[in-house]
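The structures come next, written out as structure tokens.
Both complexes shown next keep chain A, but they swap its partner, so chain B is in the first and chain C is in the second.
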Partner chain A sequence: MLEDPFSFVEYIRENPDDFLRFLSQHVQLTLLSVLFGVVIAVPAAILASRVGLLARPLTGIASVGQTIPSLAVLGLLIPFLGIGFRPALVALTIQAFLPIFLNAYVGIRSVDRAVLDAARGMGTSGGQLLRMVELPLASPVIFAGIQTATVQNIAIATLAAYIGGGGLGDLILQGLSTLNGALLFAGAVPVAVLAITTELALGRLRRWIVPEGLRPTGS
Partner chain B sequence: MRGRPEGRGALRAIAGTLLTVVAGLGLTLGASPVSAQDSEKPQVTLGSKGFTEHLIITEMAAQLLQDAGYEVEQINLENTAIVHQALISGEVDAYIEYTGTALTAVLDEPVQSDPQAVYDTVKQAYAEEFQVRWLDPLGFNNTWALAMRQDQAAELGVTKISDLKGKAQDLQFGATQEFFGRPDGLPGLLDRYELDFEDERGMDPGIVYQAVAEDEIDVTAAFSTDGRIYSQGLVVLEDDLGFFPPYFAAPVVREDLLEEDPRIAEVLNQLAGQIDDQTMADLNLRVDEGGQEPRDVARAFLDQMAQRGAAASPTGSPVGSPAASPIAG
Partner chain C sequence: MITLDHVSKTFESKGRTVRAVDDVSLTIGAGQLHVLIGPSGSGKTTTMRMINRLETPTAGRITVDGRDVLAMDVVELRRSIGYVIQQGGLLPHLTVAENVAMVPRLLGWQRHRRRERAEELLGLVGLPAGQFADRYPRELSGGQQQRVGVARALAADPPIVLMDEPFGAVDPITRKQLQRELRRVQAAVNKTIVFVTHDIGEAFLLGDQIALMADGRLVQNGTPADLLRRPATPFVTAFTGEDRGLRALEYTTLAEVADAAGSVPATDGDTLPGELSILEAGRELARRGETGVDGFWVSDRGGRKTGYLSYRRFAAMLGEALGPAGATAGEADGDALPA
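Here is the complex of A and B:
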């Protein structure tokens, strides 16, 4: 059953359509959930940094939310959203929220007060302060949060297979339930490769996005 | 370089949660209560596959052994592949297997439809390859079956699987991931019946019935002895081309244990031919919808069996009669 560790390559070669379908579902789940996560979490973090009253409840909800296992989130959503791609996407978006939100919040809050005072002294408005000072200075930390969320969701997206959401988890669960090593690895290896290459690629991208003045000097 | 401080904190939180879950699992996976054991009798470790029916029949086997004075440990191993490995490696002494599952999923043999032939094949192969003995079948045939909502089946005029031809492209199919991965599962079925569904979704066994009852999927693969097929208003489609192999349940026991104590085979064979399809479906429903514990359902059944046995001793016919297998025609 597990005699040939590379039998999964054969499976992929013999079933390219199935494999590509699972891979594309997996990538869609990850990308869309991180995208929605950014769209929701970054404004929430800005709001929390502006309205002191909201900071505690929002960080509290985010932290507690993250301690609920992803599988439980999927289960809890079934009564409301049913099964399939949609509830899986919602669950993954919830999972993406915490690292992005907390990093963005901490990033904005840890901008040096002296810098803020200097900017205010130069007459910047609230909006300008955010756009031209706080967000650029916080960008390395915000981006690190997005990176964490993306890599994490590549792994968590395998759980969509429990609720008919598709993705590479389908192959993993099929392989596990039949002790078929080829199927199992045809799902697991691409997930690992996807996670590692994404981590590396986003690391590269971060160097481009971070303002020049904040880039580490030397290698 | 400024790292990802909060990300690490989150990771730690996740790790903490996982540890708690794992610790919890460890506790629940522990041994079941042990009855008074005779010191000269070997301890028997029974594996189970973690779904209702298997939990019930494993409980029956465990309680029969305990009643006969054996110390029994039960280990929940989730699925066929893992419990089989545990049996071969000796971590489990015995478990209850289905003939068709052994034939196709374990032995990787081609599908056969004659129940006796399948039983004979797996019995011989297990003896030769694994030094494991198949005892007598319990009586019921838990084959796979395609099921759909009664009203939709009536509306489309579908009573057998081949009726789906020409209609499947407008229907959503959904079932457990195992059904997608098995040689006697979906790919083979689609080939044999030349079907092509609009969509195919794999999911957790726990939500399949809900998904079909709530119109999320139209056709599913179910176990024919699952009482929920009937309680959820589903109808089973006849396997008119005889695709699904027979799945009669019977204990499989390591020969080394039987050599040590041959009486174990007699104890377990008390169940031979005792449970027909309808009885098994009823027992399953008591757990799945009646909220009873597998242990209690098993106890009640064994008590009943003992009463019946007192009235008339059972005839232990090996593989069930055609009447006991409504699906595998």
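Here is the complex of A and C:
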């Protein structure tokens, strides 16, 4: 089946529309799921850090959720949401929630108690404490969670093809079922390239996002 | 002025009720530096933290300038009270100037006014603004961070400043330097300062008044001289330490011990200012040498002779104060020996 490992380039050249459609679905699945993940998980983490009673169940769910295989999550959602792009997006959002929530919660909770005490003593209101102290100080850890979720979801998004969600996984599945190496690699190689470049790009971005005073000396 | 009226604070810990602060009544006068001192667990920090409501009293009443703190808006109350803690508590993601101007920022001051105020205060605490304003806390030494902490507490010019072991985490030499600077700053700004420490030397150096606490209770409240010369309990004596005799000489002024001027015949002799401590007077007399009379006059700030002190009584006081100090030092040494 692997007569020529670079035959996938030919496939992409001959079917640019198909390839771009799958690539665009893949990127959409990843970006939207991470975006929704942030929108849901960061407020949830803030809530958990404020309301002691919620902290345990929420971190518990997040931790258990982390251990369920992604494919199983996709399958479990079929009875409720059916198949296609949307259920795939929901499944990926659930997957993104976990690392983002855990990092945000730990990041907020690990802000130096002395700093919090001083800030409270100076008369910051609850919202000001969050906005001016906790979130900036937790931002490196929160961002690391987003980075993890993004790279992870680029990989997991290949599974969306199993429930008709599209993405580069579609090419991989077609390649596997028809023993077509060119198709298989046309899906797999771009996924790998996407994951690696995203990881590197977000690493760069992280250095910009971390507040200057928190960066290691000499940077 | 701050008053604490029968204030108590109890915690529930593992099903047991812990009395952290037990029926403490205390008045802290305006413009005074009032030290709260005691061993760890004595309730001194909790007592202080109830003033800006970082802790809530379970019983009793605390007022600031006559207003019950529990009836005030907590955020407003805290913004009107400076707060300095041991580890500095500087915000690591803000520059030194931004840290200093934190409360002004919360109060909505304009940017340029905040910057001006921050630079002014950095100058006051001995950190030239040009050199320090735009640096980050991690680039500063522990002592410098504490100075920034003090500047930050003064930024909005609050009438009251609470300090929780502010110099506890720096090395002894820096600590001494910071203590001297606090005295200088206090002379310039004249705040009502509540200062928590467990260091008796620091308490004597800085305190106008000292409140000694143990097991949540107020054991004695008074001037340094009161604690040294009229200890309320043996605990006070033990806590003020082995060199208390020398300290007593340092904190007792001539005006306090001289005989009234009318009770003795007018003679010649030197005149010493009444605000000198006995220790300082001893040095001064040694410098001036023999005068031929049996004592010296003590004057008030206006130079008026208000009292007379014979050398005989002067020497007796020196002897009395030095006696027990040696004895205590001996006992302490004995205790330190392994049994």
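Rule of thumb we're sticking to: the second predicted complex is superposed on the first by the 218 of 219 C-alpha atoms of A that agree within 3 Å, B and C clash if a C-alpha of one lies under 4 Å from a C-alpha of the other, contacts with A are read in each partner's own complex, and residues count from 1 in each chain.
Rule of thumb we're sticking to: a contact is a pair of C-beta atoms (placed from the backbone, for glycine too) under 8 Å apart; a residue touches a chain by one contact, two chains touch by 3 or more.
Values in this document were obtained by computation on a predicted structure and should not be read as measured data.
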*Put chain B and chain C onto chain A via the superposition and say whether they clash or fit.*
fit
*Touching partner for A:P136 - first (chain B), second (chain C), both, neither*: second
*asked:* Under the stated touch criterion, name the partner, chain B or chain C, that contacts more residues in chain A.
replied: B
*asked:* Tell me the contact category for A:I40 with respect to chain B and chain C: first, second, both or neither.
replied: neither
*Which of the two partners, first being chain B and second being chain C, lies in contact with A:I61: first, second, both, or neither?*
neither
*Examine A:E212 and indicate which partner it touches, taking first as chain B and second as chain C; both and neither are also allowed.*
second
*For A:T178, select first, second, both or neither according to whether it touches chain B, chain C, the two together, or no partner.*
first
_Output check: A:V90 vs chain B and chain C. Expected answer is one of first, second, both, neither. What do you get?_
neither
*Does chain B (first) or chain C (second) touch A:L102, or do both, or does neither?*
first
*Note down the smallest distance between any C-alpha of chain B and any C-alpha of chain C in the overlay, whole angstrom.*
15
_Considering only the contact definition stated at the top, list the common interface residues of chain A for chain B and chain C._
none
*Okay, in this complex, where on chain B does chain A touch?*
1-7, 9-10, 13-14, 16-18, 21, 79-82, 84-85, 105, 174, 176-178, 180-182, 201-204, 207, 210-211, 214, 216-217
*asked:* Can you tell me which positions in chain C touch chain A when the two form their complex?
replied: 52, 54, 75-81, 83, 85-95, 102-103, 106, 136-139, 149, 152, 162
_Residues of chain A defined as touching chain B within the complex_ = 1, 63, 66-69, 78, 82-84, 98-99, 102-103, 106, 140-141, 144-145, 147-148, 161-164, 166, 170, 173-180, 183, 216
*Which chain A residues qualify as touching chain C in the complex?*
112, 114-115, 117-125, 128, 132-133, 136-137, 211-214, 217
